[in-house]
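The following pair of complexes shares a single chain, chain A, combined with chain B in the former and chain C in the latter.
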Partner chain A sequence: MSFVLGIDIGSAQSKGVILGDQGSLGSFECASGGDFKLTAEKIREELLSQAERSVDDISRTVATGYGSKLVIFADEIKSDIVCLAKGVSSLLPSVRTAIDIGDLYTKVLRTDGHGNVHSFILSGKCAGGSGRILQVIARVLQVKVDEIGELSLKSKKRVEFNTGCAVFAETEAISRLSQEVAKEDLLAGLHRALAAQINSLAERLGVEQDVAMVGGGARDIGLIRAVKEIRGHDILVPPHPHMIAALGAALIARESLTIQD
Partner chain B sequence: MAEEQKEAKPKKRTTATKAAASIGPLVKEFITGTLQAKAEGKQKVAYTFIVCHHEEIFRALDVVPVWTENFAGICGAKRDAERFLQRAESLGLSRSLCTYALCGIGFDQWREELGQMPPDAPWGGQVRPDFMISSGQILCDPRSKWYQASQQFMPDVPIYNIDLPYPLYQVNRDHREVLGYYHQYIVKQLRGLVAFLEEQTKKKMDYDRLRELVGLSDRTWNLIEETYDLRKAVPCPMGTGDAMNTMVPINFMMATQKAYDFFVDLKKELEEKIARGEGEVENEKYRLMWGGGLPAWYALNDFNYFNSKGASFPAETTYRMVAPLHEMDLPETKDPIEHLAWRWLGYWTFWYDRARKRPGSEPDVERLINRIEEYKIDGVVMHEAFSCRTWHVGLIWQLHQLSKIYKPIPVYVIGKDGKKEKGYRELPSLVLESDIIDITSYSEVDTRNKIDAFVETLESIRTSRAA
Partner chain C sequence: MGDKQSTISDIVKNYYNNYGLRAKELKGEGKQFIGYVCSLVPLEIITASGCIPFRVRGSVYEPITRGDTLLETIVCPYYRSVFDLSVKGKYDFLSGMVIPHGCDSMVRSFSAWSYGLPFSYFHFVNIPSVCDESSFEFFDSELGAFKKSLEKFTGKAITEEHLRQAIRVHNENRDKVRALYELRKTDPPLISGTELTMTLTAGSSLPIEESNDLFDQVLTGVKGRKNSLPQKGPRIFIDGACLDNIELIKLVEELGGNVVADTICNGARDHLPKTDVGGDSIEALSRRYLGKVNCPKTYRANKAGTFEGDIANRFGDIGTYAREFKADGAILYVYKYCDPFGFEVPARKAYYHSLNLPLLHLEDIYSAGTMGQLRTRVQAFLEMIG
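On to the complex of A and B.
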């Protein structure tokens, strides 16, 4: 029996998955905080506890994500692009294009169903078009991030946002609130603006169906709907979409063991 | 007034060739040469732009060219452009204009305000010109406006504009039908330049000397082609990182014996490296092409980062501003001005016939395909410099067209029925985003994360290639 870990240290949230020979034995998510090393330790402890295992039982750990280089106990560091492809292909092998909505970036990648990446693109240095805008707006509206999706679906009259910039969007949201615009209409408008940017990025790379959305932003049902509307086709969302990179990292760890054997 | 702080110096980039390493002092030498020429007053000094095929005319009349794009690039490479960009911004110019132009305008305004070079001006600074020759609008739209803006601070400095067009590509129309009209027009433009320079320098053009210089340039073109062809070797002896240095003799020193001799030395060096089996990287795993876009001059170290991952760059499209003359079928003429015009047209239409033969292709895409095949390329890297409209027009489109019409990688994919199918895929590509000299647009961490992901993608493709 062998056990492997996949740890994804993101800029806002960090995630981990522990796999045994028969599949997943546990997963964990927490805020990344300011100390990535400590966060990685915390995730490992939690995963080991869930699987009732000790550090010595772990055969291999693969780290990914923004803070991956600070996972000092990792055996290997892989880019999140590669991990995302591996993770999404394992759950949805028909997917050829995956869109990852992260806190800092949106990433679009093309894969072949085996978990191999063929091309990818990332949003730019500016946070516009990434999931960060959802957190900003949640703070402005004083709602929880995970409530945004459901709330936006209640919209009757979507607000047209004039910007995709996270900073300008905050300013615009505040000014709209002063005009007594309903929160759900504002959120629907924001989803639309974000979806347009995501679509533009995807088109730059070129889209091949099936298309999946993953990452923390894919938990937002309102955003998924907005992207579907703009693209005009179905979007697949795997279970626990925010865990996909960590799952991919764990799968890569397991593959490495197989190759070594 | 804008903040006038310099940024931290970048880590020095490692070059693969001695020739590339010699470029820094060479550039410094010709910047110093412009300052000296101005101080001595024996030669006229003129602002101008690269890739206009007019260097021979300048040199035949002993006019010293000041390549203003080059000076902005130096400021960028030294991470000392920000204070000049901020100056231009404080004049009301947007940063989304060409940052080369902004840097130059900011510098000029400051120098004119002080009546001397700005403090710690890079390599002594950009000399005040006697006149300015703007040109090449079809290539780069900010060029003529740049000098008009600079002239606001030096109204006594005249501008002469030359227009150098070429027929744009049409898939169903042979450009040769209109080439003669373009040729006549360009010849008139160049003769106008000669007349203007004669008036400014009080000299008459020596056409024998001009013919010699044009001949020297032609020989240099051929030599550059032969030299760069050596980079087809596996492992590749010299990469794009070095070529961003060796572009200097191509673009700033053409029509000089020094440029020719430089490539004699580089060719010899590459031949020796090939004989020793010595590559740009010790263990070459991937061969990449710089498929377009000007580089981020302050981040040329990123080429070393690619190298550290086993990636070499045997080819690029940027700054390789020559093409094999013997393949151009240029009309014979003894008039050097007419030859310059034919060469200009031959260069810009070089890929037209080839592109027409491949459905869906286009000259720039055809050039990419040619280099991919000739140089055994595994992946394409491009740089979208936000302020460079010239390169932005069509960069992503080129990649899309390339991926549509050119799929060289055999792979197995999981079909809709869940079974393995053999198919063919496009070459992987990476688009880096920042700017030519505006460092505020750049993040080293993000860029290197992208490079990491791209290299892993290359590896993934290599291992998943169908037999």
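On to the complex of A and C.
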């Protein structure tokens, strides 16, 4: 019996997965905070405790994400693009295009269903079109970020939200609220603006179906619906979409064990 | 690695880091250096005049400040940085400045250069935007005017013999660059992209004869190495404008890739095409700079009649280099607001697709501060093709 860890230190949230021979034995998510080294340690401890294992039982750890270099106990660092492809292909092998809505960037990648990446594209250098805008808006509207999706589905009136910029979005949201626009209508408008940016990025790369959405932003069902509407086809979402990069990292860790054997 | 090798590598680093060091020394001995930007200024004419051409550089580490009070930020950040360093006095040892019509920013900012800098000689070289027979006729006479302006500046006539001699020594320089590029053909290459670009950059701050000596020493040094420094890794081709700061190439190589070929202005675009000898020198220079230097700023008519044929004609040199140097992937690196490259990105992407060569397109702002963001992309790209 061998155990491997995949740890994904994101700019906002950090995630980890522990795999045994038979599959996942646990997963954990927490805020990345200001000390990535400490966060990585905390995730490892939590995963070990869920799987009832000790540090010595872990054969290999692969780290990914924005803060991956600070996972000092990792055996290998892999880019999140490669980990996402591996993770999504393991759960949804029919997927050829994956859209990852992260905090800092939105990423689109093309894969062959076996976890190999053919091409990829990242959103621009600012956080426009990324998941950060959802957090900004949640704060302005004083709702929890995981309530945004459900709330936006209740929208009755179409509101055009004009900006995809995470900074100007706040200004625009406040001015709309002063015009007594309902929260749910505002959120649905924001989702459409965000979906248009995501779609434009995906089109620049070229889209082949099936398409999946992953990352923290894929937990927002309002955003998924908006992307479905603009693309005119179904979008697959794996269970625990925010864990996909961590899962991919763990799968890569397990693969290299097999190769070493 | 012997002492000799480390010495030459230190010399290159010193010229690269203290850019203009040798020019300042030689100015003290009465030599006149003429600054230039871009690959389109016929350096042979400057050399033939008895002056020394000096490629002015920007710095990705120096925030653009004074330059932005004289040039709007619609100009590309590379060019703004070059201008900013110049108005801050970094190149005050120069006697003059030559700017060609390399892009819209260069044309429109020429007056800002001539008002903002203390040099006694300024010249704008009008490079035709198209490449027909009439363009060459025009360019011949334009180069004649450039020659005359230098004669007026130095007070000395430039003879055909001066031009032939200058063409010969500049062609020698290109042979040496070609020999340096040959060192990249093995796997792993014998010389890293970082070393090579540093060497070429250092060379562009020296009198051409000293640049020839420097390249000879680097060639000897690299060939004499016991162990090749670079390790095996994905072989990367860099396509873009002027990368006169090595940060991107260094990043690729730190992440395990090897930069083995390029089209960059301070690389293959500038240094590989040679000037024909035997005929009229001005005509030969006009053929080289307009016809052979493949820059996206020049419109070349679609002679193939199809999109596929057109991109194969326009970007054929990329395919030739990629095959010759066995590239595994390419990075198309474009500065924000770079109009010549910006317009070509979709066609270039299509061309890479037709070559079946994986491509990473990066847009950047000429600042070392963006290296972290580029790292994410380059790392993923190398893993993807590795």
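The definition used in the following text is that the second predicted complex is superposed on the first by the 261 of 261 C-alpha atoms of A that agree within 3 Å, B and C clash if a C-alpha of one lies under 4 Å from a C-alpha of the other, contacts with A are read in each partner's own complex, and residues count from 1 in each chain.
Here is the rule we use: a residue touches a chain if its C-beta (ideal position, glycine included) is under 8 Å from a C-beta of that chain, and two chains touch if they have at least 3 such contacts.
Note that the structure is a prediction, hence the values are computed from the model and not measured.
K.L.:
Clash or fit: chain B and chain C on chain A?
P.N.:
clash
K.L.:
Please indicate which partner A:20 is in contact with in the superposed arrangement: first for chain B, second for chain C, both, or neither.
P.N.:
In the superposition, A:20 touches no partner, neither chain B nor chain C.
K.L.:
After superposing on the shared chain, does chain C or chain B touch more chain A residues?
P.N.:
Looking at chain B versus chain C, the one contacting more residues of chain A is B.
K.L.:
May I ask you to decide whether A:113 touches chain B, chain C, both, or neither, giving the answer as first, second, both or neither?
P.N.:
In the superposed model, A:113 contacts chain B only, not chain C.
K.L.:
With the two complexes superposed on chain A, say which partner A:94 touches: chain B (first), chain C (second), both, or neither.
P.N.:
After superposition on chain A, A:94 lies in contact with chain B alone.
K.L.:
Using the touch definition from the top, say if A:78 reaches chain B (first), chain C (second), both or neither.
P.N.:
In the superposition, A:78 touches chain B and chain C alike.
K.L.:
In the combined picture, which part of chain B sits where chain C already is, 271-279, 325-333 or 415-423?
P.N.:
Between chain B and chain C, the clashing stretch is 271-279.
K.L.:
Mind sorting out which residues of chain A both chain B and chain C touch, each in its own complex?
P.N.:
Common to the two interfaces on chain A: residues 66, 78-82, 117-122, 125.
K.L.:
Could you please specify the touching residues of chain A with respect to chain B in the complex?
P.N.:
66, 78-82, 85, 93-94, 112-114, 116-122, 124-125, 204, 206
K.L.:
Spell out the residues on chain A that touch chain C in their complex, using ranges where they run on.
P.N.:
66, 78-82, 105, 117-122, 125
K.L.:
Flag every residue of chain B that touches chain A in the complex, lowest number first.
P.N.:
My answer: residues 396, 400, 403, 411-414, 416, 418, 425-426, 428-429, 431, 433-434, 441-443, 446, 449-450, 452-454, 456-457, 460-461, 463-464.
K.L.:
Hey, which residues of chain C end up touching chain A in the complex?
P.N.:
Against chain A, chain C makes touches at 358-359, 361, 365, 370, 373, 376-377, 379-381, 383-384.
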